[in-house]
Amino acid sequence: MKDIRQEQFTKAVGNAAEINELLRRYGVKFGIYKNGVFNEQFFPFDPIPRVISAEDFKSIEKGLVQRVNALNEFLFDIYHEKKIVKDGIIPEDFIYISKGYLAECEGITPKNKIYSHISGIDLVQAKDGVWYILEDNLRIPSGASYPLIARELTRIAAPQAFEENEIVDNRGYAQLLKETMEHANCGGIRAILTSGRYNAAYFEHSYLAENTGSVLVQNDELFVEDNILYHRTYSGGKTRIGVLYRRISDEFLDPLTFLPESLIGIPNLMEAYRSGNVGIVNAPGNGVADDKGIYYFVPKMIKYYLGEEPILKNAPTYLPFYEQDMRYVMDNLEKLVIKDVAEAGGYGVVFGRDLTKEKLEEFRKTIIAEPRRFIAQEVIDFLDLPILDNGETVMRKADLRAFVLSGETTRVWASGLTRFSRNPDSFVVNSSQGGGFKDTWVLKEKE
Amino acid sequence: MKQVSFYYSTKLTFDDYVHDHSFALRIIPPETETQKITACNLNISPYVSTQQTKDAFGNNVTAGYLKGDHRFLDFEIKGTARTDCTKHRTDYMPCYLYPSEYTKPDGELKEFYGEIKSKCTGTVQDRAEYLCDTLSDVMEYQKGATDTATTAADAFGLKKGVCQDFSHILISLLRLDGIAARYIAGLAFCNGETHSWVEYWTGDHWEGIDPSNNCCVSDDYLVISQGRDFRDCAIDRGVMFGNHTRQLQLVRSVLT
Amino acid sequence: MSTISKEHSDRLYWLGRYTERSFTTLKALDKMFDKMIGKSHVYKEYLDYFGLSDTYSDSKDFIRSFLYDENNPNSAAYSLERAYDNGIVLREEISTSALSFLQMAKDTLKRSESSSNTRFSLLPLEDILYGFWGSVNEHIYDDEIRNIIYIGKTVERLDLYIRMKYPYESVKKEYVRLLKNLRRVPKDTPYRYSTKQLSELEEIMGSQQDYENGSGRAAGALAHLFETTEVFV
């Protein structure tokens, strides 16, 4: 049944040339630097939608809400009492060697105790249909704007597909985001902070500003006076900002608290934030919760804070730090994927099967010498998705970034960003690596 | 117990007008178990409205924003305090056990620690004092060899430095030895400059130690701020705009 | 009242100027196309408007440069590119749809380069640019902010009309349009014009004869009407 729907839709949308032409026209681009030169590229759209059944989505939704709630509890705990460490659930080292842990944020309580307002949780579906969490992105997850605008356009191109299929309307993301920002608002206007048009995700920054009715700002338009954040208006006045959805990293946020050499930050923003005069979305310091080393402990967090069994599974992960796990890792190294906790962005990821015998032995020694530095995971057998390649359907690796918004309640956007790899041998679905994206259909429950 | 009076001033002068000048000062001594502030007066010129907060490490932060053109920023603080080093502070944070920006040990520092490790025994206090002794044997106090950006590893490579460097290296060694340690910026009875020293965690409370003088901390020390290293304790940090190329800073401090 | 920064207001002004520059350039080149039929080097007249010397081998070469060469600061392609540069950071002020007209204009111009009939292939460009203005007009709700982009547009048009030696009546009409825009500028904004330059303009525009004698001065006064800085991207 699923295939029929997809086929109908694909036929209606055609070879995607039209949609891609429209996406071009609306400026759906991302920037990349190649040899030091800034280039804007179009993010290629594939017409075959990913379809998620109502039952599947219901359980993903429940699992994601549970996971993000636990992560928010964890962040509050870590920056306050640290009960989870004191109770021995997470070894102290894992917290404090994490680059994402910011001691400067100790004791700060964001409004409503919410740290991760917008969480981008990456999932993959295995061949047996089970969904696994691949990683949590609680800092500045991007990508929501692409499926948003794609849906807008595919509804024009293939209205019958939306008539014939019971697809949940995903176009409420901007409203959801606006409500989430309002919930974090400490009194004032909404603003989205960008580092400028040469940021890879600039399209998204400006598109979300437009659609949430927020002001898109850069640091030189802002200042903090008497611990209140202001937008400097063109007529020489000032407008108070109550919530700042910042799209720059923690360490650049405030040169008087973090990196002194930051040129894109706002001096004394942290003082305004600490005083409760401005909401920062997402809260600074969240990196401690989406760290590779902490990922292992998320199911334990769910049990610890919520007293519930985790609904969604982590990819099976082992910590050589624990003796039992170390034994397993040593016995199965050649079939595992090993990740260096301190590295990010695809670096420090090694597949055991790619190593020669000597390299494997060498690596074994490194793990024994520094067990805390690594995590090991089973390689998941991804369910490949069909994509259209020059008129032919081919199967490719794909993941799903689900967006979970925490405001009054925690809600999962009934859509998400499905990214696929264009290279048949690649597991990398990153847009900067030449990947593309698809629309993600969540089907309505049958009445 | 001792009654002390303190004075500290900084004059920042720019060679051209600056504007939109944001600053954060960590200059008002905190009220703690070991020091009661009986009087304290902060003056900033030109006049600017400021706000007080307490940062993650328990420091008093004075934040301000000078919008219009100006060529200088002066601030001075005067006050009195009662110091009592027989009392103990207990504001522990786990981050003090882990390497920080300025105190990350390099190969040389780790090797040095490896060599002396076997002799570093006894109570936490014994070990801290032993590390401090060893340090004063190998390091020479010398001005001008290092600056405020010098890390523990760099200064140890030079075997020279000032109080900031001595403190960073000792913190680095203490943390290697599994003892939590923090950087203290303050005033002491010395030569009219700010001083810095170290506090280590005994398992129960903080204990002060002065590595550049290789002695214990007495009532003649007044804490201004504390943190993982110098970066958390900078007395003034600022960002300004303008065509200036240089800024001149004059500092004077007295503790009597 | 929406809040808009100095940086964005400057960009609005320059968006207005560059969009208008590409529009008027296209119209002027279209006229030139017609004049060039059967004649060689008539485009020298166009070059004279901007004080440029004839370095072009033929009409085709001239047209190619003034339509498509992004390195020629007087070309339609250059102005459109600058308009887009200013527009892209104003998405939430002018809307995605207004911005899409600029992308379409760029694409249409680019496509026309390989067309067998240039004038024919450029026809939709005029519609697209009108569409841009309609979209901007619809979207910017705040009169004060909308006025900024229109000031940019009118200043540019007046400047080009003077340079291109348009007849007095046409120039006067645009001048009156500018006056109307300026009257809407509230006190205490960066878009306060120089009254000295405005009275200079007023004097020159008073009669056809004064205008014909003083068009050079008029262009100068216009250039200094706002001492606002251009934002480069």
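In this document, chain identifiers A, B and C correspond to the written order of the chains, with residue numbering beginning at 1 in each.
As a convention for this text, contacts are C-beta pairs under 8 Å (C-beta built on N, C-alpha and C of every residue); 3 or more make two chains touch, one makes a residue touch a chain.
Not measured: the values here are computed from a predicted model.
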Reaching chain C from chain B through chains that touch each other, fewest steps: 2
Relative to chain B, chain with the most remote C-alpha centre: C
Most central chain, judged by mean C-alpha position against the global CA mean: A
Distance from the mean Cα position of chain C to that of chain B, given in whole angstrom: 59
Intercentroid distance (Cα basis), chain C paired with chain A, Å: 43
Gap in Å, rounded to a whole number, between the CA centres of chain B and chain A: 39
Chain A, residues touching no fewer than two other chains: none
Chain C-facing residues of chain A, complex: 24-27, 189, 196-197, 202, 206-207, 209-210, 213-218, 220-221, 231-236, 239
Chain A-facing residues of chain B, complex: 20, 22-24, 49, 51, 53, 55-57, 61, 63, 65, 67, 93-95, 97-98, 228, 232, 237-239
Residues of chain C touching chain A in the complex: 2-9, 88-89, 91-92, 95-96, 99-100, 103-104, 107, 186, 188-190, 233
Contact set on chain A toward chain B in their complex: 82, 85, 92, 95-97, 101, 103-108, 223-227, 255-257, 260, 267-268, 271, 274-275
